[in-house]
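Note that the chains are named A, B, C and D in the order they appear, and that numbering of residues resets to 1 at the start of each chain.
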């Protein structure tokens, strides 16, 4: 029994009667449950877990055969349901992660909601996400934003299906009761298929802001972060390291954070996203962090270790790291990974802590 | 049935098999539960509720007779357990509120935790809260801070018991998994009983900062906001209004926000606290806000209306307003109220929305 | 000759001709004047200087006999004209400081300007500064604000004259060309004489903000920082130090910064103000800072050392410290000093550096 | 005579004696000079002025023949000396602008200073600026940063001379006394000639930040903003406008601001830089702004109007706009312009005002 709940106190009739009256008046004593609500270190109900792309994709395809997409269900999205979280469609207490699947020539209708959302494409192409009327192409390696309260739909212009992952702050917004939702049009508002979006043409230039866009931007105005730039950025870090210059997080470990060019912060108020590249053979030290995250392997093979789990992973595999669980990465080949987390929530509320094995911090 | 969950789709054997495989792989479809996780407007599981001081205080006193205070249970605190929240000791999904009771000459031992905490005193005096070794007197009308990770204990130096309310962000920190906890000494580290704390002597001067305290202060360094100043501030607003000058929130309604003098923001990263005074006869318009709050009547009589509930309230009564539930205040006599909420969380994550009846916003 | 201007180059006819053509085209070579415009350390043209209250006050009184106050001249203010600055009425390149004098029952008419201004009262009382229609009493030890673009006038309601000092950012605004100016009424708009202003009634409560004042405040809304609070704040620091607690800047040296309660920053965008109290016998270490400042002795006797000057000072004496000149304070008795500086300018532009003798920094 | 200096007061002997005593005590009355130091609107001593590239370049070339570059003079830079500013090498009260010239295989030695500096290249290539050991190639259209206190030198690796413009905050730092200066090596520390710098490889990716660079960056870490991106960004704005989407500042007028990707703000604390492209035939409305700026034509032909001056301009021509002087642009052909200004200074000190003819503001 936890020291902090142990009052060394027999449950007398008088005490039983007191507790009955507490119940009657919608009250609850601290002293019997302190250790449950105030733990020594964060102890998430969410558990470390691995979802294999080899399992997810066939189930998404089967859903494509059996379940239509359209108004009502809105999206053919299948969420990671962390086994520790009572069967709710939540990857962690704050993060929603799902595989979404759109068949040839299908449309997922437009809607908007307070919840912030992104897409990350691990394979395929041919779908456009239309954000407030701006068509955004989706291709392997791209990271796309649909920040809160922007209308958005998806449509597949090809004869091939396409699948990708969605990330949202749905569990957090559900818990803290902040969500609004509105339907938009049943079809998307623009079926054109440009290579890049208008938002990118205006905003995706390194260090350059349009003078017409100097007002406050809570979330990043860059609709899509293209693979070409991400790949180049992490490759450059490893090259600089090889040339003897500081550039990487640690030896053999390159990483970028997707950022809001209008303030240098995270892309959206509640979600952080990063891309990591490990040189073949690299092993990271063990880390613990306050807050939860999800990794998806983008390319290569290796191991992700979370607490006692040592998982061999490959393209598309998804791993959840609950708050304060130790994790490390091991790259068998060059290993590319996408990561997203609730770090902006943790940091804005000043709860951040980090522990890196072997380092003072 | 909610339009958004209605897929007009019979549950065939094939679909049943698909859903079984989802379960098997810890997956969950969006299309059957969209309306539950993404509601049109915030629909909190927490319900509007009233706790009467006349019920709370006798139960606290009875606890004083039956339950010791000390290491393990740590505090003789009895939490408001919102009937919508499964019996957990949570006033709202983000807020903990409790009545705490300390008998004559008792000590509640020192500990510290990541969770932010405050005390508000609706009656009585004679207890000192010792925060990192600084004794802070507690008296009627005072608002005291113990921000995250500060050691703190309480001791009662009189022959009378004392009760007050505690407010913390325990439910939020429990949900997002950010809490750390450490025991301190079994007794408080300083039993002296100064009128005001060292923190106040250094910091509680209007608009004056010590040159020795220019570093970053995430939370307010003012250990206690004394009743004398709060009373004077709201009184002045009503006087200014009576003299024809802008000063109040609206006709007959004065209010202050307790603030962090080092940045003008909320006293702590996760909790907002305010004090309101309504002139006799004042009725506020109906308001809805994203985020939850708790009111405690400090003085006077009136009504608090939340959704369909019209509650007559008096000194010490506590009312919970869940997110987006409409509320209004009606002052039968001059009515003084203390309020605390999760507004800093909502605003830092950019989810704020407000609706005031009869006003454009 | 400065190494950096020494090109070891004879001034040939060809070069002379080149320089003539530079002149003709409004051009100027860097190589002949680098050492003048880019010095090793800041070398201000302003010089350390002392103005004695015993000289200033009689001249102000004589001005009162000879010079009317009213529309046109606007103010009977006599500025400190730093001997290094070509006779211009500038205490330093950024700071204006003047003694202002108002005879019995005189009015200085209302006007407004972009320049930020304050008053500090070293002796006397009986004048009210009316800021945007809000009468603000002036008494010994008070520090009053009239931030940019607020209408303001002064009137003396007594049979005694009164003198005080004005501080403004006039030299800076003159140099960088930012000033706008408008006349207001010839008389002040409100001749009432309340003890404290409406702005103070709304804002001068420690850590409490009116809910009606949550919008952006670039400058402090506290119209006057009263002596009572300042005195109490520095006294408390010395007492805390005597009791063994950290509170002072350094042994025997208490100080507060006047601050904007809405953001914790300086009272105005361009001017910092502080109040210092040294215990009898205290000597501060020698300091150099980027940026210029002015000290005024409020009470007591001691020495202010600036570069090679050792000045014995007493009540009302004013000393200018140009940028990067070393300074120290020596308290013969308990020594109270008011200080103002251009530190917000220096810090906002990221030019701050400090050197304290005997300390790593 | 200005109303505000007109005291309607004869200069009596008594007054003359008073003024003599003012002089003797280093004092200066406000009432005789108010209108000079507090003008109705900003009235800069700097005048609107045009420097023609056709004049500048030959003089720079001639300097190359007559004046060596090296330790002491440090740079073969010829500064624009605004005719209103007493022959000092200042384009405006806050801005230094110069043409710098480096002959074949010459080196300008390394040094560092508090002053922020940039280079903009209107023609040519072949010089590398080495910033803290990182070689940064200079080519037509590039905008390069050397923020305060970074060591930097230049070297020309070709058989051709090269000229470009330097922009610095020297006049401001000279006036407010903030400058420090140190010599570095006589030669640059790295003579390698990479296409792009290490800083760009790490930082010049749209919206991507290296995880190794999350600390505070007061100034932009992007060493060079390449022409390729700038050109693409302004071209995209005009295309978007042509397609019917909001993108430009106003009809026919595209513009970007060079920004610090770590906070979205200006590239350096004291200097703003922008690039503008006007469609052929575009005329901008007349604008007045607080703060001074310099335009350089990058390509095309047109007119720059400042106050009463209508200047026909072409590639390389430089025009100074003092504070609050009205200006407009007229594009005879497509017109590309680089602009830099002291806007960050003005805005950080809260002195900004803008007036656009025909628009409410």
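The rule we apply is simple: contacts are C-beta pairs under 8 Å (C-beta built on N, C-alpha and C of every residue); 3 or more make two chains touch, one makes a residue touch a chain.
Just so it is clear, the structure is predicted and the values come from calculations on it, not from any experiment.
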Between the pairs A-B and A-D, the one where more C-beta pairs touch: A-B
Separation of mean Cα positions, chain B and chain A [Å, integer]: 30
Rounded Å distance between chain A and chain D, as computed from the means of their C-alpha atoms: 43
Chain C residues counted as touching two or more neighbouring chains: none
Pairwise touch network: line, ring, star, complete, or other: ring
Residue ranges of chain B in contact with chain C within the complex: 198, 201-212, 214, 217, 220, 222, 225, 229-230, 232-233, 236-237, 239-240, 245-249, 255-264, 267, 274
Interfacial residue positions of chain C with respect to chain D in the complex: 3-9, 12, 14-15, 18, 21-23, 25-34, 37-44, 46, 49, 51, 55-56, 59, 62-63, 66-68, 71-83, 87-89, 93-94, 96, 98, 113-115, 148, 170-182, 218-219, 269-270, 290-292, 322-324, 342, 344-346, 348-351, 353
